[in-house]
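What follows is a structure written as structure tokens; I'll ask about it next.
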Amino acid sequence: MHWFDDWALTLAVFIPLVGLAAVLFIPRAHEQAIKTTALVASLATLAVGVGILADFNYSQGGKLQFIVDKSWIPLIKARYHMGVDGISLPLLILSMLMVVLCIIYSWNHFPEPHNPKAFLALILLLAVGMNGTFVAQDLILFFVFFEIVLLPMFFMIGVWGGPNRQYAAIKFFLFTLFGSALMLVSFLAIFFLSKHQTFQMPQLAQFGGSGIASGTQALVFGGLFLGFAIKVPMFPFHTWLPDAHTEAPTVGSVLLAAILLKLGAYGFIRIALPILPAAARAWAPWIGLLAVIAIIYGALCCLAQRDMKRLIAFSSVSHMGFVMLGIATLTSFGINAAVFGMVAHGLITGLLFFVAGSVQERYKTREMNRLGGLLTQAPKLGWILGFTVMASLGLPGLAGFWGEFPAILSAYNPAKLTQGLFNGDQLLTFRVYLVVAAIGTVLAAGYLLWMLQRVAFGAVKAEFENVHIHDVHVSEWIAWVPLLLLIVALGIYPNLIFHITHGAVSNVSKVFGG
Amino acid sequence: MQLNEFLILAAFLFCTGAYGVLARRNGVLVLMSIELMLNAVNINLVAFSAFTKNVSGQIFALFIITIAAAEVGVGLAIVLLIYRNLHSPDLDEVDQLKG
Amino acid sequence: MLENAWIIPTLPAVAFVAIVFFGKRSPGKGAFVGIAAVGASFVASCVAAGQWIQRVDNATGKSEGLAAFTKGVVSAGGAHAVQPVTESITWWQNGSIKFGVGTFVDGLTVMMVVVVTLISLLVQIYSTAYMRGDRRYTWYFAALSLFTASMLTLVVASNTIQLLVGWELVGVCSFMLIGHWWEEPANSRAAIKAFLTTRTGDIGLMIGIIILFFTVGSFGIGATNLYATSGHAQHAFLLAAAVCLLVAIIGKSGQFPLHTWLPDAMAGPTPVSALIHAATMVVAGVFLGARLYPVFFNGFSIGHGGVNAMALVGGVTIIIGAALAFVQTDIKKVLAYSTISQLGYMVMALGVGAWSAAVFHLFTHAFFKALLFLGAGSVSHAAGHSFDMREMGGLRKKMPITFWTFVIGSLALAGIFPLAGFWSKDEILVNAGKNGYTAFLVVGLIGAFLTAAYMTRVVYLTFFGEYRGHEHPHESERAITIPLVILGALSVGAGLVNAAPLGLEKIKDWVQPQVAFPHLNNAAFDYPKAILSVSIALAAIVIAGYYWLRRDELRAFRGLTERNALARSGYQFLVNKYYLDYLYEDIIVDGIRGAVARASYWVNQHVIDGVVNGLGSGSTRIARYTYDVIDQRVVDGAANGIALETDRAGAEVRGFQSGHVQRYALVLFGGVGLLSLALFLINIH
Amino acid sequence: MNPHVDFHAFAPEIVLTVTIVAVLIADLFTDDSKLPARIAALGVLGSLVPVLTLAVDGQTRSLFGGAFVVDPFSLVLTGFFLVAGYVTLLLSFDYIGEGDYYQGEFYVLLLTSLLGMIVISSARDLISIFVALETITIPTFVLAGWRKHDTKSNEASLKYFLIGVLSSAVMLYGMSLVFGLANSTVLVDIHKYASGHTPALFAVAVFLTLVGFAFKVSAVPFHFWAPDTYEGAPTPVTAFLSVASKAGGFVALLTIVRLGFFPSGNSWQPILWVLAAASMTLGNLAALRQTNIVRMLAYSSIAQGGFILVPLAVAGDVRGNAAWQAVVIYILIYGAMNLGAFAAVIAAARRTRSAEISRLAGFGRTNPAIAVMFSVFLFSLAGIPPLAGWFAKFVMFRAVFDANTTVAVVLGVIAAVNSVIAFFYYSGVVRRLWFDEPAAGVELSSPRLPVGLSAAMGLMTAVILVVGVYPQFFARLGEIAFQRG
């Protein structure tokens, strides 16, 4: 298996690219061949992921494994350096899995205008970027992968989106472009400020920002913060998200929610915290503040929605608030919870968007006022919605809980920070956050249950009484069952994730004494 | 004669040429004004060359004279072309492209 | 079985999965699977109980329990104390610290598992008849199984996280079951209300657990209790945790002021109500209080007399619950308020240091409250699915079994000697008095009076007089009556478990923890007080009975609410449930959903997004300006301006308004000239 | 003085000159309209051979007292100009062939201009730089007016000519002053002079000299000719102007600054700073408002020119060669993407018969292949990874942060803001291509796409993708260019 250790990550990142090339060379008329090729490519990628899972040394989860470190752009000292550790692994696998499921879901659900070739090609390109971001260990490589995802998503929203798609697509792109420009600038600053002049994350993390004046560090961290916060998205940089989600085609929303949002939070954990720990200490109370604002604010906005997808989109803002709160505590509890929260949110919100897409496909509307009685017309779909809602509101025993509760828990006792917000008492600051976040869980239950009530419960509205509503299709089942199973499995036995992450997270948090 | 006197002459010629370029409506006159400016440069070069005993200034001037000839040739061709198409050598009337 | 207590919750959980996936094709459409699982669970619970009793009885002089008590918890109750049995496996980890999931079995646990599985078993049997023909019959049994499993998980939890898991699952199951008939918007509204209200309380649980974790350093229940009793506990943190947990209890156990969901929860099927009120949902709060009692005891400094929050909440709830029970016309709602009131007794008992009394009351209450609900269900099942007492009456003859069991339940609830309720309620009152909480003793007595009175009203309205409905009532079938009879028997006999005058104090012996527990002195049986309370109850029955029997003749009272403004407003106050629902639903909930949410969204769309769009349109505007004005006009305009200036200077330049090319040239020269000058000046030093 | 002439060093120029003569002769003596084109293409490729042999040889050759130097820098750029010229030829074949114009002269002029470019990459003396610059420019005056019956083309030519000649005059005036002060036309000597204490007049002389280059690279405020000329000239010529000719200006600018004026940072850094900031900002903002694709690309290339100027403007504070490398790498990448973009414009215009952006609505549905490549070029110009443009921007920012002075960082911020603004109009075209429904009433004629055009687009797409993923290709070239031979 030695060759596998060396090649696994390269394969994981570039098999989709090969698939993409293959898809491009198949004439558009051969739809079946295109679909099969794309599916095979994504499955092969997933198989590599399974291989990585099997071969991963879990007792050394804190160490980078499957390292590839080859020359890439010597001129700027950027290297083709990739590796996985316990933080990357779950997200990498999640991304591989979601791509497969999305392709399966699309099988008979290609959005209009009907063009499976382009659609699948874009999904595969997305896969390249997503997988690459999670394994890159070089800042420039990370940046490139981080940006690769923009183009396919831009086209996905812009071509296959809803009526307001152009606005949403451009907004999405500009926001993230703006963020990543600042991020790149920060990377360069890190490069030149650190005495080693390197883009290698492990070295930079070891270096830990020593020798950089704290003011400069805070400034550079600010750049990283904006870049990542926009992607997360954190309040108040979130406004691209509802539009993008609302307009995007189902699969686009799913990938956006499940994977793309994780890139930002992952960036915080992987890059911002380890490389600039002193600045992280200074920024943490503010990040925490924005996180709890997002929790409450996102929830309140949810309550005002009539559009199902838009509601779910705002719920992402709220849920990512918990993730960010966990990160802001700089403790191993918090960061573990954040990684878990990312995976859980990926599975759950991904599924929610799937279901919302299927509802829209059947009823041709997402207006919750017009919907109702889904449980009567399509009971299975209704139950899946109900299940996902329960998972999303953080019901213990399902995956969502393990991202939420430990994050709240961690806010009780954050790592030693530079200062707090209220009269400088960091403990008080974060304990206030804790209470606010806990209140957020009630609001979450509120908006999700109200959505469930309006969509699934009650009687069927007159306009749809005589419409034939097909219950869950085969392709939908295949796409959803893995998610359902994972949500339950992770909820019942959370150590599935925690035992992978804890080592790597300890590496991050030990700098902060947590 | 001092070097400065040549330089002032050259500057004066250059400005005169520039004024001609700006003020003349007739394309041919504009071309002649340009010629004036280039010759101002030549005076400069030759003057420097003479005062510093460095021959490359004069070589430079020779090159400029040659190239100026070519430029004016092209310029005249363009003005002619415009005259043929617009039946006027007036540069005022050349303003289709804008915005 | 004590080591393998995980089997007890697992059986119904497996049944849940089995019913969901195979229920429709299995015999009894899933009902049999559920009954079999919970039955097996019940057996296992009984075995566990037996083993525990044996263990306690053997414990004198032996210390074999010590080895089983892990996680560094050492005995605090002397060498001979019986240790709980804990088992644990790694569940999740953080850094190098591993957190377990497992079982914590002691007397309280075994008592609870027996009660929960028994009630659940009876309810499921009852449901086979009651729910027959329901369109989601199979799903109903699946949900009941999950409900039971969740409650059992909570009960056997070895740590607070697991307890939280069970707690939330119980909540969601009650959501599903209350909203079982979700076609009616009212039902799903009630379900959501129940869920949200209890979840509001759960904030307290969550925060309480977190405070305890960071104070104690462990989620373990044993460790937490040991810490709380250790003497070096930080009182401030315990107090904070106790307050938070009390909020959780208030939410879950329907205590004032978060009790309003409980009556609405009657929207669910009646057997579910029985389960919720007797065994699974609402008693979780009281169980929490009992489980982590040292935290409350030391946090609230219970046992030092005076008033503490816990006792106060319980006491207030007793009265307000009982008072509301008077004005209900729906039989289930009366019972619901009665539950609220009875739970108030338990919470108050905990608050006044009467731990074993509280647990004892939980135990007995489970039986008679389940009995009453199932009885009410039986009535409505027979009388056209109505719970409105105005449409009942005179059912005494038509449904004798239901009638007699219901009367037993009512008497037990009213605390009439020698039924179960008497013993437990009496113990609460005695201990309240003994521990110096005289005020709460009085409250308890008033409560007893009210309880007896409103139950008399219910019994009268339902079973006496003439039948006022339009159906043909008849006795229910055996699947319904057998549970009633069993529960009736238990309502009579369960009190003997801890009948002090008879020398039976098994709750104290078997159930009360012997390690990591505050030192409590249980009061001896007090005859005067017992007689007093029974007399009060009897008096209430007599007075109420007299009022209802002779109502027509008591003109002074008839129409009192119409004539007397004070009485009317009092009545209105009660009918409107102290306006709490109005406060919660119309002001808080609608406020958040409506005004606050809409305002936030408005801010989002107009302020935050506005900034973004403003930036966008702003830069477009800048672009337009740059292009139209700067590039196309200022450049040109400057040219024109300069041209004008030059124009004045010399007449020759009149024809200067040449074509664009020359304007460009002008700018070129102008720029060059100016910049040269500037550079010259800069570099001149 | 009888200098030994190293003919190997001159070989690319010689091959190209021979080709020019051959094209002239072929045009005179045959009626085969395709022959001149073929000879031109072969000649350009043939000129690449000596470039390669010189590269293999690896020796630095200095001729005419240092006025003409063959070193890695000149070889890299000679190679670039020849390839760019070849691609321009590919674009031109059918465009020129289908119009009713003289073909032979077209190729002669194009190749002559190209000759000027490869000379300029070796020129190390004010005179040779001037001569080469004029050799580049004068043929393009004619080329811009190639469609001689089209008044727009006439106008483009006239404007280009007048402004070009004027800026030449200003530049020459500056050069004459430089000569007077430094007493030499060779850059090495000027470098020595600039190292000492220089009078204020030197700054003015430097500035006047730079004006000529600013015109060539169409830096704001010397850019006015560009949009008009670009719009009026035949599109392949526009492509040539915006890439090769502009690059020629940059090469000359780079040479003269690096080897000549460098020590006197005060005299050139502020100028370049202002030019860079103004070009980026004005170019981008003006591009936002364009409805004509060629005009938009004109403003875009003004803005891109601004980006290329950024490393130059901060070069004084950058360690080692990073700034120069950034310029060369940017030029190489810019050449590929801009040529590609113009190729796509030509291809699209063959279908839509218009250069209006609005006419491109829904083009992606009807012509996916062209539209995909078009999008690749545009996004690359916008600097989106994994397309080559990101690397160009990256090295530019890298130079800024390497310099790490306040003015540099301010310029970097301006550049960052501008790269976000730029995305607006590039994506605007892409949105038209893909997101819009084909407009009603637009009939898309679809004649066969010429092979040359498809080849050019395919080649540029490949370059952009490969360099985007593995930028070391061009990074290495940038590195080599400044290695001491």
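Before moving on, here are some points about what is shown:
Order as written gives the chain letters A, B, C and D; numbering starts at 1 within each chain.
In this text, a residue touches a chain if its C-beta (ideal position, glycine included) is under 8 Å from a C-beta of that chain, and two chains touch if they have at least 3 such contacts.
Everything quoted here is computed from the prediction, not taken from an experiment.
Closest chain to the protein centre (all Cα atoms averaged), using per-chain Cα means: A. Note on interfaces B-C and A-C: more C-beta pairs are in contact across A-C. Centre-to-centre spacing of subunit B and subunit C amounts to 94 Å, using the average Cα coordinate of each chain.
Chain geometry summary: the mean Cα position of subunit A and that of subunit C are 33 Å apart. Averaging Cα coordinates per chain places subunit A and subunit B 65 Å apart. The mean-CA centres of subunit A and subunit D are about 42 angstrom from one another, to the nearest whole unit. Multi-chain contact residues of subunit A, defined as those touching 2 or more other chains: 174. Looking at subunit D, residues 158-159, 162, 166, 228, 424 sit in touch with two or more other chains. Within subunit B, residues 18, 21, 30, 91, 94-95, 98 each touch two or more of the remaining chains. Every pair of chains in contact is given here: A-C, A-D, B-C, B-D, C-D. Within the complex formed with subunit B, the residues of subunit D that make contact are 126-127, 130-131, 134, 138, 141-142, 145, 148-149, 151-152, 154-159, 161-162, 165-166, 168-169, 172-173, 175-177, 179-180, 183-186, 227-228, 231-232.
If you check the complex, the residues on subunit C that touch subunit A are 90-96, 161, 164-169, 172, 175, 179, 182-183, 185, 188-189, 192, 195-196, 199-200, 202-203, 206-207, 210-211, 213-214, 589, 592-593, 596-601, 604, 608-609, 612, 616. Contact residues of subunit A toward subunit D in the complex are 71-76, 113, 118, 140, 143-145, 147-148, 150-151, 154-155, 158-159, 165-166, 169-170, 173-174, 177-178, 181-182, 184-185, 188-189, 191-192. Subunit B makes touch with subunit D in their complex at residues 7, 10, 14, 17-18, 21, 27, 30, 34, 37-38, 40-41, 44-45, 47-48, 52, 54, 56-57, 59-60, 63-64, 67, 70-71, 74-75, 77-79, 81-82, 85-86, 91, 94-98.
Touching subunit C in their complex are the following residues of subunit B: 18, 21-25, 30, 90-95, 98-99.
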